[in-house]
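Chain naming follows the written order as A, B, C and D, and within any one chain the residues start at number 1.
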Amino acid sequence: MSDTETLAHLLAEAPSNWGRWGADDEIGALNYLTGAEVKSGLAAVRQHRTFTLGVPVATPAGDHVFPGRWPARHYMVADKAGFEAGHWHPMPGGLEFADDYVSGFAQAGTHCDALGHMWFDDTLWNGYPAASTNGGMTRAGIEPIAARGVVGRSVLIDMARFRGKPALARAETFDHRDLLECARAQGVEIQPRSILLVRTGWVGALRSGAETIGDGYWEPGLTFSLDLVRWFDEMQIPCLVTDSLANETTYEPRTGMMLVLHAALMRNLGVVFTEMAWLDDLAADCAADRQYDGFYCASPTRVSKGTGGSVNPVFIK
Amino acid sequence: MSDTETLAHLLAEAPSNWGRWGADDEIGALNYLTGAEVKSGLAAVRQHRTFTLGVPVATPAGDHVFPGRWPARHYMVADKAGFEAGHWHPMPGGLEFADDYVSGFAQAGTHCDALGHMWFDDTLWNGYPAASTNGGMTRAGIEPIAARGVVGRSVLIDMARFRGKPALARAETFDHRDLLECARAQGVEIQPRSILLVRTGWVGALRSGAETIGDGYWEPGLTFSLDLVRWFDEMQIPCLVTDSLANETTYEPRTGMMLVLHAALMRNLGVVFTEMAWLDDLAADCAADRQYDGFYCASPTRVSKGTGGSVNPVFIK
Amino acid sequence: MSDTETLAHLLAEAPSNWGRWGADDEIGALNYLTGAEVKSGLAAVRQHRTFTLGVPVATPAGDHVFPGRWPARHYMVADKAGFEAGHWHPMPGGLEFADDYVSGFAQAGTHCDALGHMWFDDTLWNGYPAASTNGGMTRAGIEPIAARGVVGRSVLIDMARFRGKPALARAETFDHRDLLECARAQGVEIQPRSILLVRTGWVGALRSGAETIGDGYWEPGLTFSLDLVRWFDEMQIPCLVTDSLANETTYEPRTGMMLVLHAALMRNLGVVFTEMAWLDDLAADCAADRQYDGFYCASPTRVSKGTGGSVNPVFIK
Amino acid sequence: MSDTETLAHLLAEAPSNWGRWGADDEIGALNYLTGAEVKSGLAAVRQHRTFTLGVPVATPAGDHVFPGRWPARHYMVADKAGFEAGHWHPMPGGLEFADDYVSGFAQAGTHCDALGHMWFDDTLWNGYPAASTNGGMTRAGIEPIAARGVVGRSVLIDMARFRGKPALARAETFDHRDLLECARAQGVEIQPRSILLVRTGWVGALRSGAETIGDGYWEPGLTFSLDLVRWFDEMQIPCLVTDSLANETTYEPRTGMMLVLHAALMRNLGVVFTEMAWLDDLAADCAADRQYDGFYCASPTRVSKGTGGSVNPVFIK
């Protein structure tokens, strides 16, 4: 790997928030979400209608997961047939129960990444050593994010509908200027500290079978530029939520580097990534009533030492 | 088992909501949470301060679980040491990653029960046959609850503090009249359709080691009476959230029947149970500022065919 | 499904061993393996050289599994890096340890099927009701087979080499007459009660990547005829071991029925199936020294209530 | 920890086999088991009667595991009730199936330890660095042992019966001189390169409930002395098999060091440890017919990168 092909080289001039919230910070840009942002989020509610953005987890057909992972699974432990077969016995009074077990990546289904989930140059968010991932996250894991929650005003940017497609194509990209254009067309403003929901239609395409995960997998999504990183920094975006598996296009087209925004936004700026959200129902509703902003409330499972946690975000219009 | 010792006998005169929301209903008393309740929930926010109520999951020491279950576990799949050992290779550009796996009951940590999780007389909530639990929940599972979310006004009833204890004792009970007395002492009103948070201090006692789970385990909590069930019905309580493992005292003291309120409130009335919430921090704060109500927003993991799902509820004062 | 397309119809005239070893039998044709067969197995040892026939389990690239299953996985729980990170502490004296966790189908890697693993007409081996599989095998599970062990004289039939190929082709079939011809060519006799090892080269082709598992997966292997079933019955074959995932060609070519020999040999005759054995090294050795028989000793993991168990058979020439 | 309390100090004069079988060796004392030992093992067979020594795995009540581990679990994936509920569909022809999943430590049930499972001074068997355990065993894992198998002549030493007890007491110890005395009383000889089976009765006591695993757990078993280590070395014992969870008394009584023989025999001499074997049935039979030797054949599951593997050894008299 030549020096010019490294993230270190690519991001040499890019902004960083390391140290901004102290040497012990583990929640990064969530620090932007203060009481004022909770208040402006609540003020965005006008219809009192609720949407949940989590996809089903441990589905029989096998969840869609990023290459290298494998699907979550669901196992029944107790059911009525198990009682009939004598493996279980009714409680005093007669109560019986169904019980079940789930195994999967901490980042199963719709999920938040911990800030330390990805890194380069042996250093995580805020300067923590990469060795703090060994055997479980001792720094920049999902616990502090889960303890904090992600609550504020949110804006949905429906890139797929803006481009007149059910879903963006493989490797199709866009950047912050596209987000702004789309917002303008939608009649909504991306304000500073907005929780950004970006719809590509990709998870819908995976779920319908229109797209599949295989060799040469290349998601559509945001693509790197220094300007884009600076825009996220200046706008103080606390959290980026998309309906793709990795929140950005898989490869930076010019250099072929992989998941560059995980480095530029998550590792360097502390933006919390929320991946694989289900945005199609919300987007159809927004297209109908033209209200694209609302109150967002999400809090992932508080996985001890975890690199991430499943989440089922709530959006209230 | 004589007829008089059965739940069927005990609950013969107790109210039921079966059919109230149609033959296909799977969310029960969550139907009470309409836009009006979202609105009154938002109206309860006065300080814009946020609390999360989920306990850590898959802790190294082993989570506290109801007897018969076993603790969730966390496994690192990829970490820095794994990259150094050659099990993993950096992505183009240099990005490395930590990844991890979790296995545990669908009802791991703080969680919502599906309405079909427990039953008697071979019949679940709304009259569904118990056989619909076989191999996975085909009726009254957690998915419709997760898709809906639990959003509205909530009231914390701090029974432990009301009784002047860090935690209620083993097998200590209380009922709806105690809840009302406690609310009065706290200066807060349990309004119809309030999401009810009841603190016993029990999860805190388990986490501190003051209490342990073993033979003869008997939690403190709400205890059955026909009047209590009628009160929940008349108050249209949509969701009961407590800091104990099973939301009620383990055995009904008079008859010795087990988990009677799971039958009376969950199976019969469709009240959604949320168990093992972390209420100690919220309660300390409420004791300090005397604001015991707020906005509650919770949405469990959408486990396919699941009997429940982990949840990390958000409470905003 | 018309009546003529059913296994019941196809096998109406086929032999059955139900009841032959009593109403409680759960080991079927392993009953043929008495002390006399142990003795003849030991007598077949001439060189005192040992081979193991188990494939690696929970490999990083993902084990090869029959469609519908998913690969076993290996997770480190404790390693040196975990000690350095403080997740683990040395024992008194200074000992440290590595520990790990495995999850996978009971039939992971090379494995024995329990006699009740597959059935039709709601009836398992020996007439047990299919409901005895509910919630765990209460009849005809792997435990009695594991407690017994599979020990005796064995013969390797190298069909792939006999046909001059590294591996048989997709959907390529053969029957008992081919086995006899191949044995003759190899200069070895299939005696009554021989443990039959049949090499197709298929697992080798999967491991090398020459073949893959995907849509329309169709293994080569033995194919059904009434004569073949009668030959297995008359020869009193106790155990059939192959290097394919399911021990027989996936579909019966004439009718399109699936896994017919699981019905005819396993369910009806009680022949123990051992699948996905690694036979390439043994076969190369046999081709070199022309000794195709030997002592076979295998005992699967004794999985409680299991439908099968992993096994690493030993073959001694 | 003072220097005199370390294993390094304790074992400074103890023998080591590092390098004896080359710098790449991963099977240690199994190198002693050549064709000659297979031959003498076969010669020990006089009755052609077979015993299996594996305990049930993933039992409903929870397997007995060393403190710090947790029991293996068994989950049904498919059963008859699942077919009736529509989760599964019959194959063409009508075949249905039961399928199941197991998760547990690689060292679940009766198992072999890999030589690198435990270490001190940052160095594994044969001098491999402890870092080779990171993320999976790259040296001295279970795979080479599984590929080799453990085959030879074996002798059962029934210490519990020799001392007239159903099981040895907590923390009760014995050494090589006791083994020799017991062998003499049994009328059998421990020959060089014998696979040593030592019965304490402990697993039987755990299974019957006479003993339990809890705070202060202290198994009976072999206890350290330099003479004992030298005896194992001189006798070239390839494999030590016992019916306790850790093959030796938990703490060395004089110094309080833990699992000293794992250091002295496994790490330093390369003796393969096989733990938690079921010896009670075999021992009762040996007591009856006075034949204490036989042929031993064991081959653990070949867990990729594993620290150990489940095994169900076969003993033939």
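We adopt the following convention: contacts are C-beta pairs under 8 Å (C-beta built on N, C-alpha and C of every residue); 3 or more make two chains touch, one makes a residue touch a chain.
Computed from a prediction, not measured in an experiment: that's the story for all the values here.
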| said: Per the definition at the top, count C-beta pairs in contact and tell me whether A-D or A-B has more. | reply: A-B
| Since chain A and chain C are copies that touch, is their contact same (over half of the numbers shared) or different (under half)? | same
| remark: In whole angstrom, the CA-centroid distance of chain A from chain D equals 46
| request: Determine the centre-to-centre distance between chain A and chain C, using the mean Cα coordinates as centres, and give it in whole Å. | output: 44
| Approximately how many whole Å separate the CA-defined centres of chain A and chain B? | 26
| task | Return the residues of chain A touching two or more other chains; collapse runs of consecutive numbers into ranges. | result | 60, 73, 76-77, 79-81, 87, 101, 103, 131, 134-136
| said: Per the contact definition, I'd like the list of chain D residues that touch chain A in the complex. | reply: 60, 73, 75-77, 79-81, 87, 101, 103, 134
| query | For chain D, which residues count as touching chain C in their complex? | reply | 1, 5-8, 10, 35-36, 38-39, 42, 45, 47-50, 52, 54-60, 69, 74, 76-77, 79-81, 90-109, 116-122, 130-131, 133-137, 143, 146-149, 151, 251-252, 255-260, 262-263, 295, 297, 299-310, 312-314, 316
| said: Under the definition above, what is the set of chain D residues touching chain B in their complex? | reply: 62, 70-71, 73, 78-79, 81-82, 84-88, 103, 131-132, 134-136, 138
